[in-house]
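Labels for the chains are A, B, C and D, by order of writing; each one numbers its residues from 1.
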């Protein structure tokens, strides 16, 4: 019972790290970036390649799984994404889907179409018994890392100068520009961080979600669900939405396996009908 | 005789804030009635209540003596209550011809007509022509609305509302933002509205109010402050204090 | 197009005639349009080897046309339009499997059934932002896909619905292995439905839809029952999509779960947006372009054709897709290109600001 | 002006369509190989394509005086596309054989075409038992799930396993495997509990938790190859291996393609299947070596073998029919028998399914790499579903 809750939380946390960058690009820059999953895939492949070809330990690959997609994200943002900020959402969808197709085929070409597998270090394998609850070590690891990230993100947003500028830029880019805030710089940084987080999520998730070239397409729907259900106006919204979806998904499949696949979709539809702005959107 | 439009004890609260405070008010048949008040007096809220965009917390709205409090906005329009918007609400990609045609055919029940080409009905065409001429739009009928001069857009704004053949027309600052050169055309058109349409004018521009209205209501803090003829209101020292003092006697 | 300079001084009746001419002209077919359909008909004779892919193009074109009715004309974005396509396909397939083999009867039943489904789900898309609508429609399609998977006694589940055998069209034309009957049938159905759609969009009803798309606030203020109109067009579009799905089921005589899959909805969105929304031909042209491109690229490099499709999409957007589609749209007298290059037909509003 | 642009564009489109068609077929025998080359099942397509090309490279491209020409098409894993491609290949390219078919619906969709056009269809991957019944022109060189599964049930009951939970992906082959196993295992007095997992399912944890709660002797699992790795990892992560639950199933879970990447979590899994890259025979050693050499050291899996033997059936059939296609070719294919890299096999003349040995294997580390090491053989297994019907 509590094990199910625990698994759900871990799953939800993972979803959050993967999707929060999307929430930010959508909420902040009002850009529908369906290619978000491609950055997650990039992170996953960085980890897989480093571990399997060069024998780098798992933990050491994680920073790189953040940095590489972040740099790629930064470069793409500066070159390709920026001209499209003012364009219609349909243009953005078309463009980012195009990027996904390219990423899928390119990874397929470079790495092959089979699953990429990584070997966790021994100390992350298996599970331990904590107060009668069976706790998977790797899932605990994910919860800890993601928990730290959530707190850090929240602190950055609410306490730092960058955070307040970011929030100003979210609320009204024009006013923010008028106040002398370099909005373009903030957008670029945020985009890079969002991409990096996705990459980290991809690396962490490779073990649980699998990793192959179709990753960005397979998980696009999940990311979008998290973001729409959570709303895009804060970090906590998508976070809570991820947790709820994670727990509901796991619990639904455990208790009513035959209806398992329905749970997450039904939940989404019901939420969006009752709260079209998302569950945790600020009232506007 | 029933008033053209009447409210009884109309209240609207947003949480703790009272935006419309017990407004009881009559718009007589054929009236030229102005509603004025300082910024934040609740004019927009009142319009939204009258047109059905907002639901009142309590109170009643009657159109030609019939209770319309619970009706949806489009039903009120069909019953003869039309409005213009302070900021243009037009269809930028459509032409004035299409815009007016839309309103006319909608009123004549054509909106459910999905088979005939718009314009195949004689009475629709005749009415479009009549409205276009009344509002001096005949020479721009085929322009894209977004390309029209601002004054023409304002005229179209009124023309669309008029095309709904309202018994009561709510004009929300019709002259707002119109450059001086195009102003005359607009004012003349408003003055020439037929007398069987009762008009409630919401306006800041005192020149327009005094030249157009025969009766004035003053709204302050969501409540009806005073009401009377143009002379009475402009002579009322309290009104001068809260409102006119700032805009007339400077 | 030029305004009549005598309008203000002319007698009311002559102005009225001018106005009527202008309004009615929009219902008239242009040369480019007639040429388009003549070329389509000519392929029946001149391209016998390509009837199979042309059949698919006709079906996808009809499907995209159906999306155009709600996206291009009424401003409802949908990422789950395959729900109706798949529902129609299953309806027609199941019907044929159980002995009702007449294709036209199957189409009629499928379109009615999907119209009902469209009506029932239309109430979900009346509220919310574009993003919400995208996700709600997507959710409906995914749910339906899951139901079809579970109800394998009816649908054949993941193995697909087998054992469909269709009777001859109109009792005369058997479906042949060259796909000629299939293509002629699909093209004819698509054409008929296109003509109807074309009438609808120039009718007062169609005009009111465009007004809702452009400015729902004002549309209400003109007395248009916005929700009722949206429900009506959503139902209609669902029926169209259902017919497209039924055509696929009947001409391929097989239905599998992927008629309901996410990629169908996404692809059809791509097809429509590439072709340009809001002038009915966008879906058809998009279907032609997309399918031919895919056919050529995937014959050339079966593994990596997606890369090139992706590259083309990216370049298309960066180069200004709307300028291209506006140029094509200009061929049609009704829709004039927007001079500012902004998306007049693309109603997607910023997600946060609604 | 603009009108001319559109007309010329239309003309160009027509021209492309017209010249896209292939030239006429004369003394060539064309084989249309329809596979999922993109999308989630792309690796199936890659393995089969590589094996088919390898076979042609080894055996030349001329058989019975005909030049063999292979046309590869990508159906993206969508059934109606498979059908359309098959139809185009038959009608336009005049292929003599269609082959490939990565998944069950992809094999079923074009089946009526094979019958109608009298073109043999060689199924190289899809494994639902009923497929060969969909058309008398279908020959299968892969396997059927019951074929691989029933021996598993027998082995389990003979080796002291009393209670089994089955966990399968909720689609045709999965349900096939579940039914075959449950039927055979309960017939032997075993106790079975069934779980089905949605096909698109990233996280197995809730299902594995249910398994843990049930405390069976063994967990029988069938998931599409590819997802197998995630499954294995989560199985071990949950500690189910340590709680004494044996992992058993048909060989899809320990697919050779990715087995080595799974790491130690896969060790000890017991599967029954028709092919392992570690099969000890000179034919197999040569096959694996040549395959790896031609494909950047990629290890062939059972999909590749299906493609390889599929080509063999086509070649041998053509030799027997003296290059004739259609009915003569399908009849020539029936009853063929040869020694494949997987061992002795033959095509059942009645069912057109392959008769082959099923091996019981265990994942072990050999020379530093993980392999399915065979330790028992059940010779000449027919598809049990059809065998039961004919009795």
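Here is the rule we go by: contacts are C-beta pairs under 8 Å (C-beta built on N, C-alpha and C of every residue); 3 or more make two chains touch, one makes a residue touch a chain.
All values derive from a computational prediction rather than experimental measurement.
The chain with its Cα centre farthest from the Cα centre of chain B is D.
In this assembly, the C-alpha centroid of chain B lies 73 Å from the C-alpha centroid of chain D. A separation of 37 Å divides the Cα centre of chain C from that of chain D.
A separation of 49 Å divides the Cα centre of chain A from that of chain B. Averaging C-alpha coordinates per chain places the centre of chain B 39 Å away from that of chain C.
Residue positions of chain D touching 2 or more other chains, listed in rising order: 38, 42, 46, 198. With touch defined as above, residues shared between interfaces to two or more other chains in chain C number as follows: 146, 149, 263, 303, 305-306.
Every pair of chains meeting the touch criterion is listed here: A-C, A-D, B-C, C-D. Residues 2-3, 5-7, 10, 13-14, 16-18, 20-21, 35, 37-38, 42, 46, 72-74, 77-80, 83-84, 87-88, 90-92, 104-105, 108-109, 111-113, 116-117, 128, 134, 170-172, 175, 198-199 of chain D are the ones that touch chain C when the two sit in their complex. Within the complex, the chain C residues that touch chain A are 77, 124, 127-132, 134-136, 138-140, 142-143, 146, 149-150, 262-263, 266, 269-270, 273-274, 277, 303-307, 309-314, 316-318, 321-322, 342-343, 346, 348, 350-353. Interface residues of chain C, counted against chain D in their complex, comprise 31-32, 35-36, 39, 43, 46-47, 49-50, 52-56, 146, 149, 157-160, 162, 177-179, 248, 252-254, 256-259, 261, 263, 288, 292, 295-296, 298-299, 302-303, 305-306, 327-328, 330-331.
Listed in rising order, the residues of chain D touching chain A in the complex are 38-40, 42-43, 45-46, 195-198, 200-203, 205-207, 209-210, 212, 226-227, 229-230, 233-234, 236-239, 242, 257-258, 261-265, 298.
Chain C meets chain B in the complex at residues 1-5, 7-8, 12, 15-16, 19-20, 22-24, 26-27, 199-200, 202-208, 210-211, 214-215, 217-218, 220-226, 229, 336, 338-340, 344-345.
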